[in-house]
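In what follows, a single structure is set out as structure tokens and then discussed.
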Amino acid sequence: KEMATFLDGENAKQKIQSAVHRFNESCFQKCVASVQSPTLSAEEENCLSGCVNRFLDVSIRVANGIQGSR
Amino acid sequence: KEMATFLDGENAKQKIQSAVHRFNESCFQKCVASVQSPTLSAEEENCLSGCVNRFLDVSIRVANGIQGSR
Amino acid sequence: KEMATFLDGENAKQKIQSAVHRFNESCFQKCVASVQSPTLSAEEENCLSGCVNRFLDVSIRVANGIQGSR
Amino acid sequence: QIKQEIAVANATELVSKASESCFNLCLQKPYNTNNDTCIDQCLAKYLRSWNIISKTYVSRIQEAANAGEI
Amino acid sequence: QIKQEIAVANATELVSKASESCFNLCLQKPYNTNNDTCIDQCLAKYLRSWNIISKTYVSRIQEAANAGEI
Amino acid sequence: QIKQEIAVANATELVSKASESCFNLCLQKPYNTNNDTCIDQCLAKYLRSWNIISKTYVSRIQEAANAGEI
């Protein structure tokens, strides 16, 4: 029983990590066009957080839309 | 035995569904460039069915070509 | 025990094959722009081996960089 | 229960792929605002496209099966 | 031990995705020379981006959980 | 039997990746006609590329092993 709870928790953590990898790959590509310094510009940071927030908005809308169309 | 047949059938269905997801992702990207209405134009529909048909033609030719080259 | 050694070996081979598939997909796309003949030009061959060599250099540098940053 | 797991996996895959395609078609940098109308129309198109791809693909498999090719 | 396997899987994924993004931003055909400064700066940016994406994503999940949506 | 399963998996992966690359290099919208000559030449190039990538990659691993790095 404790093992199952532990595994569920690890599983959830793992899903979150995978999602962050996927979002970061896609948003980094969209928001970071050049590498002149090791820090992100304010514009890039703004773009990155917008990218992940809008992607979540879209995913929720799409999921609801698909459920509604059934 | 019945369970095995059931699983084989589900497995085949699942493979087909996965292929449709893959084809749709790729062909939608190639054929649909703008979203001004919720319906597909005749041109887009023609492009989509051409895309999946040609992709299957190419896959069959490539599979035969690889077998022949052995 | 022998079975385990056999499986380890097959596993390593499989990992190498997967990496070659991945590198080839990416480097072919970067280095081969047209298909006028069935042979690779000297320029394309040079680009392909450069691509995989540089990709390995980058991966090693990134792996060391990540370990160092902990 | 296996059927249900497959259905869930398919729905998840559909949400994920439709969201990515529609994000790319409907949103622009720096991703500060939503565009719900575009997302809804895009999703409608994506589902229609899915149906075309699925029908075309399944009929090709049917043909091949009837011709004894598979 | 499961925790450790997940950590290794995550590090591998991070190395692989960061390497690909930074290869694309820092190297040009025919890939005959390295560009270590660019790779180091790119990796620094990639890790900073990862932190932003991760923080934003987790706080969205938190919000949704607090609102009883999930 | 495990060896055979790996061989099948590799062939499937090769067919799938070569088909996608060659589809993109040889066919144009709206995908109404085939281009078999282009596909055959593309496949020949893809397999030659595979050999170069594989040889280069394996020799890099060999070197690293000889130097005691892995």
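By written order: A, B, C, D, E and F. Residues from 1 in each chain.
Following the convention adopted for this analysis, a contact is a pair of C-beta atoms (placed from the backbone, for glycine too) under 8 Å apart; a residue touches a chain by one contact, two chains touch by 3 or more.
Predicted, not measured: the structure shown is a model, and the values here were computed from it.
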**Study point:** Starting at chain C, fewest touch steps before arriving at chain D
**Key:** 3
Check your understanding: Going by the stated contact rule, which chains contact chain A and chain D alike?
Key -> none
Check your understanding: Of the pairs given as C-F, A-E or B-F, which one copies A-D, with over half of its contacts the same by residue number?
Key -> B-F
**Study point:** Centroid comparison with chain F (C-alpha atoms), farthest chain
**Key:** A
Revision key, fill the gap. A student comparing B-F to A-E should find more C-beta pairs in contact for A-E
Exercise for review: With centres defined as the mean of C-alpha atoms, identify the chain lying farthest from chain D.
Suggested key: C
Check your understanding: Any idea how many Å lie between the Cα centroids of chain D and chain F?
Key -> 27
**Study point:** CA centroid of chain C to CA centroid of chain E, Å
**Key:** 20
Review point. Chain B: which residues touch two or more other chains?
Key: 31, 53
Review point. Can you list the residues of chain D that touch 2 or more other chains?
Key: 14, 20, 22, 26, 40
Review point. Connecting every touching chain pair, does the picture come out as line, ring, star, complete or other?
Key: ring
Review point. Can you list the ring's chains in order, from chain A toward chain D?
Key: A, D, B, F, C, E
Review point. Chain D touches which residues of chain A in the complex?
Key: 26, 30-31, 43, 46-47, 50-51, 53-55, 57-59, 61-63, 65-66, 69
Check your understanding: Which of the residues in chain F come into contact with chain C in the complex?
Key -> 2-3, 6, 9-10, 13-14, 17, 20-22, 25-26, 38, 40-42, 44-46, 48-50, 52-54, 56-58, 60-61
Review point. Hey, which residues of chain C end up touching chain F in the complex?
Key: 7, 10, 13-14, 16-21, 23-25, 27-29, 31-32, 34-40, 44-45, 48-49, 52-53, 56
**Study point:** Of chain D, residues touching chain A in the complex
**Key:** 11, 14-16, 18-20, 22-23, 26-27, 29-32, 34, 36, 39-40, 43, 47
